[in-house]
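Chain lettering (A, B, C and D) follows the sequence in which the chains are written, and residue indices restart at 1 in each chain.
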Amino acid sequence: MSAAATTGTYSPAAAAGEKRRERKEELRRHLAEDADWPRADGRSFHDCRPAFMQTGPTTAASGSAYAEFGKTKVIVSVFGPRESKKAMMYSDIGRLNCNVSYTTFATPIRGQFAFSFQGTDNKEYSAMLHKTLEGAVMLHTFPKTTVDVFALVLESGGSDLPIIISCASLALADAGIMMYDLVTSVSVSCFGKNIIIDPTSDEEAWQDGSLLVAYMPARKEITQLTLTGEWSDGKITNAVELCMDACSKLCDILRELLKDASSLAE
Amino acid sequence: MEYVNLLTGFRVDGRRPNEMRQLKGEVGVVARADGSALFEMGNTRVIAAVYGPREVQNKGQQVNSKEALVRCEYRMADFSTGDRRRKPKGDRRSTEISLVIRQTMEASILTHLMPRSQIDIFVQVLQADAGTRAACINAATLALADAGIPMRDIVTSCSAGYLCSTPLLDLNYIEDSAGGPDVTVGILAKMDKVTLLQVTKYHELLLIAASFRTPLVLSSIHTNSITTILHTMCSLVKHFSCHLYPEGHCFL
Amino acid sequence: MVGLSVGEKHFIRGGIAQDLRADGRRRLQFRAISVETGVIPQANGSARVRLGATEVIASVKAELGKPSILHPDKGKVSIFVDCSPTAAPMFEGRGSEEFSAELSVALQRCLLGGKSGAGAAIDLSSLIVVDGKVCWDLYIDGLVVSSDGNLLDALAAAIKVALSDTGIPKVNVSLSAATDEEPEVDVSDEEFLQFDTSSVPVIVTLTKVGKHYIVDATSEEESQMSSAVSVSVNRHGQICGLTKRGGAGLDPSVVFDMISVAKHVGQQFISVLDSEIAAAEAAE
Amino acid sequence: MAAGTEATAAGGLTGEIQVEAYRRLFPLGFLERHIRESVRPDARRPDGARPTTVALGAVSSAHGSALVRLGDTAMLASIKLEVMSPSSEAPDEGSVAVEFHMPPICSPLVRPGRPAEVASVICKTLENILMSSGMLNLKELCLISGKDSWLAYLDVYCLNADGSLFDAALISAVAAFIHLEIPLVSVGDDGRVFTVGGNEGKTKYELVNIVKRNLTFTNIPFSLTCALHKDSVLVDPTAEEESIIETSVTVVLDSSDQIVSIQKPGGAVTSMATIKECISLAKDRRRKLREILMDSVEAMEAYQTD
């Protein structure tokens, strides 16, 4: 491990790493070949993990949301609209500033992040979050000012980015930022001919391909779509439709949540 | 190691001590820049692009509104050196070379003709085989000329070193990493004036100068005209007597 | 940054709507491409690709390394892109970092395949020298020298050409009896292995301007985009990666339509590139 | 004084503007009028601390963790153990690395890429207190003398910053150490330590640490921050109060009510009597915090047995 080499300390791995790998290979084979092998956490292929979402964990922010999907735990705070940085040039539409960071204990091995990390900031996810939300937020409603969307991943347990996106859209709604629609996002992993929804980090580590969809159900618009691995046309169609369906359901849950929260406030 | 063959007097790459590497220049290589040039000295290859004169982007950087603001950034491509390393942007060496190029070019540009404006010079090293500093200055000159920016004179630059008791013109990578003293000179060719003189291993040079008591051979190259494309680039070595003051660190 | 007047914007949009763009191209037509190989002698493979006024250089360097614990039977490939300030003043200093990272990520997504290695452009198991001990690490570096739009497609094309130009030195391994010891590796200077680059995909970016979408957009056209989708297509017509690059949302049916158009255009682009590679190799 | 004129200016307007606007425009006048009535903007008494909760085991990927809420201030502490070779000066001791983070989500004042100044101050103080209070016996973090010992990475994240950050950080750090459970380990053929899980593992491998699974604590430090404003002492200030008050005093006491540290970061001068008052308030608070912490341990154990 590179982390161990540089710091001089290491995280003791579980006994017999070789065995763990074999087990994973087996898991992978099952996911790729079997019709509907129950996944490691007992779900079937097209089941999402049980989700818990809540608005308002961070009182210091204009709006905030917490999301927990299985082991993945995310907090998003929204600040503003507030004054843009001095260096920014005049803009007649508002700015959206997104940042995604991880806690040092988010990953099983402390501070072991992918290469697109600088410190604990994830540059890739920050950019992706921005690209996903800019099509949904009505930027013209807050000219000259900036809305900051900051996400902190407390624990990473797979499907981090889609959960950050959904959580951010809930936090934006909580902050009262005008949006065309709530954006929800779901990703799938592909194993051989099978497609499994809402993968865990173990599943993500062994997937053949992945596909992420961010969707605005009321407007029927895709605001983000990314794909890795080798896919045929038909499989893309299937996977995108599966994701859009899950996004719609997740969006209904968010809507109920916001309604409950506002009625509670009254 | 034997850097100069005792019998033939040839260097490791077959050049004579006062011979330059193959030079090649090309202007207009970056379509969207106001001026650009590719310059090669042997295997060292750099691209320079000039943007401007244009409105000053960051008013805070403007010191004197009666003169143009000249800025420069030097960058090495990740693949430019033999061993691939990702270097952080703006490391100390790049900052230093950026400054050297900026100051050298500033001395030649007629900045007072372009008040309240900014000229950006960007140099990108594609391949580094020693002498990037000199190559960058030559490329920047070509790019500035291509952009039609008024200059006092053409600035040309070349380096020289001292190995095996022989002054060597235009070191390559092997000679450069030998660790001998080296000198980079930038001159205004027609006016016959020196604008840049950088000496490393100054103390060794002092020793050499003291023991030989001879004028140190330095280098400069002459360029005839670089109005459109480099027609000719005749290189000749100039004897350059410099007085090495024992207590001085930098002299110009 | 592209500063356009209202009239110029109108001209570009109108041209695209009528299938006759400002430079005389049709909507799904690429600019003239020029390809040159072996431009960086120190690298194992390199290429320069010019697409109109866009110019990029890709270099491939191979270094011996150690395979990761999770994949002991595979080599490693990493892709980094840098945007030189020569291409645009806004890439000065740290200004290029964000954009370079975006391009790097998009290329990684399209060329490296899934986590398990399925669908990768380069067969990672061909990079292994000794299982679990020694492998080749491929460093693919892209440099944007001059920019006039459509950088991602140009970079992917340059990488494809550079990979076909790449020779990996042949390695002789003398296995010592003790398994713990590092095996001795003898790198050959004369014999090189060529890659099978037939499955390396190209990227086709479809830029949506108004109701229509175009390929190979120039900077001016890119400034008018409402959204863009980059699709990576290989010779077999499989989609190897896809990135939606910001902008407004898209109707799902439009997305599917764009994918099938990109597939079609991509196949044509691959054959153009193949003949260019052959010509460049013949010239060398 | 500027504050005085502000207060009088505010006085002239009070009848005409709404409470929330008054609070924003004249924060000082707003606070001072509350203090005069011996009540605080959030309806607390001056000597009342905010409700405090401790939840142990909040981070599943850590060896020890705790989530602490002090009013709206939320702190998440986590401990991860890594193996290191001990230094030659102390071959039978482990070590602790403390980091305190204020991610941009916690406060509008923190921006990405620019760590808050206060974070490094709290980090340093936290490290000093944990090391000097005698709470930790570093010998307990030793595995094999002179060869392997634990390095405990303590990371404290502020999830919501609403004043008295140091108090909350210290409680969460202490709670995380109490929750810390050291994994069973054995030494492999390559000399590297690996974890042993499950029952068959215990019989198969020779275990290094059968006994030392939890740390023992003789001394547990707790702290109380008091805001000092003119003559009044406000216990456990919120962020709003902290931004107005003249100065503050932080008292850290150990289990036998001995003073571990007193910090007053400059600001207005204070009498000895006020400091003494702060210390006695801190003593009361220490007892309460201890109860809360013990309750949370019981709650966790009860949850585990279920």
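Note that contacts are C-beta pairs under 8 Å (C-beta built on N, C-alpha and C of every residue); 3 or more make two chains touch, one makes a residue touch a chain.
None of the values given here were measured: they were computed from a predicted structure.
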item: Remotest chain, subunit C as reference, centres from CA atoms; value: D
item: Length of the line joining the C-alpha centres of subunit A and subunit D, rounded to whole Å; value: 30
item: Gap in Å, rounded to a whole number, between the CA centres of subunit D and subunit C; value: 50
item: Gap in Å, rounded to a whole number, between the CA centres of subunit B and subunit A; value: 50
item: Computed distance of Cα centres, subunit D from subunit B, in Å; value: 58
item: Touching two or more other chains - residues of subunit B; value: none
item: Multi-chain contact sites of subunit C, meaning residues that touch two or more partners; value: none
item: Junction residues of subunit D - those touching two or more other chains; value: none
item: Arrangement of touching chains [line / ring / star / complete / other]; value: line
item: Contacting chain pairs - touch in the sense defined above; value: A-C, A-D, B-C
item: Parts of subunit D lying in touch with subunit A, wherever the complex brings them together; value: 59-62, 65, 72, 74, 76, 78, 80-85, 99, 101, 103-108, 111-113, 151, 153, 155, 157, 159-162, 183, 185-186, 192-197, 201, 205, 239
item: Residue ranges of subunit C touching subunit A (in the complex, touch as defined); value: 69-70, 78, 98, 101-102, 105, 109-110, 112-116, 118-119, 227, 229, 234, 238-252, 255-256, 259-260, 263
item: Sites on subunit A touched by subunit C in the complex; value: 1, 17, 21, 28, 115-116, 123-124, 127, 130-131, 134-136, 180, 190, 204-210, 216, 219-233, 236-237, 240-241, 244
item: Contacting residues of subunit C [partner subunit B, same complex]; value: 40-43, 46, 53, 55, 57, 59, 61, 63, 80, 82, 84-89, 92-94, 97, 139, 141, 143, 145-148, 219
item: Subunit A residues touching subunit D - in the complex, by the definition given at the top; value: 7-16, 57-61, 64, 71, 75-77, 79, 82, 99, 101, 103-108, 110, 121, 148, 150-152, 154-155
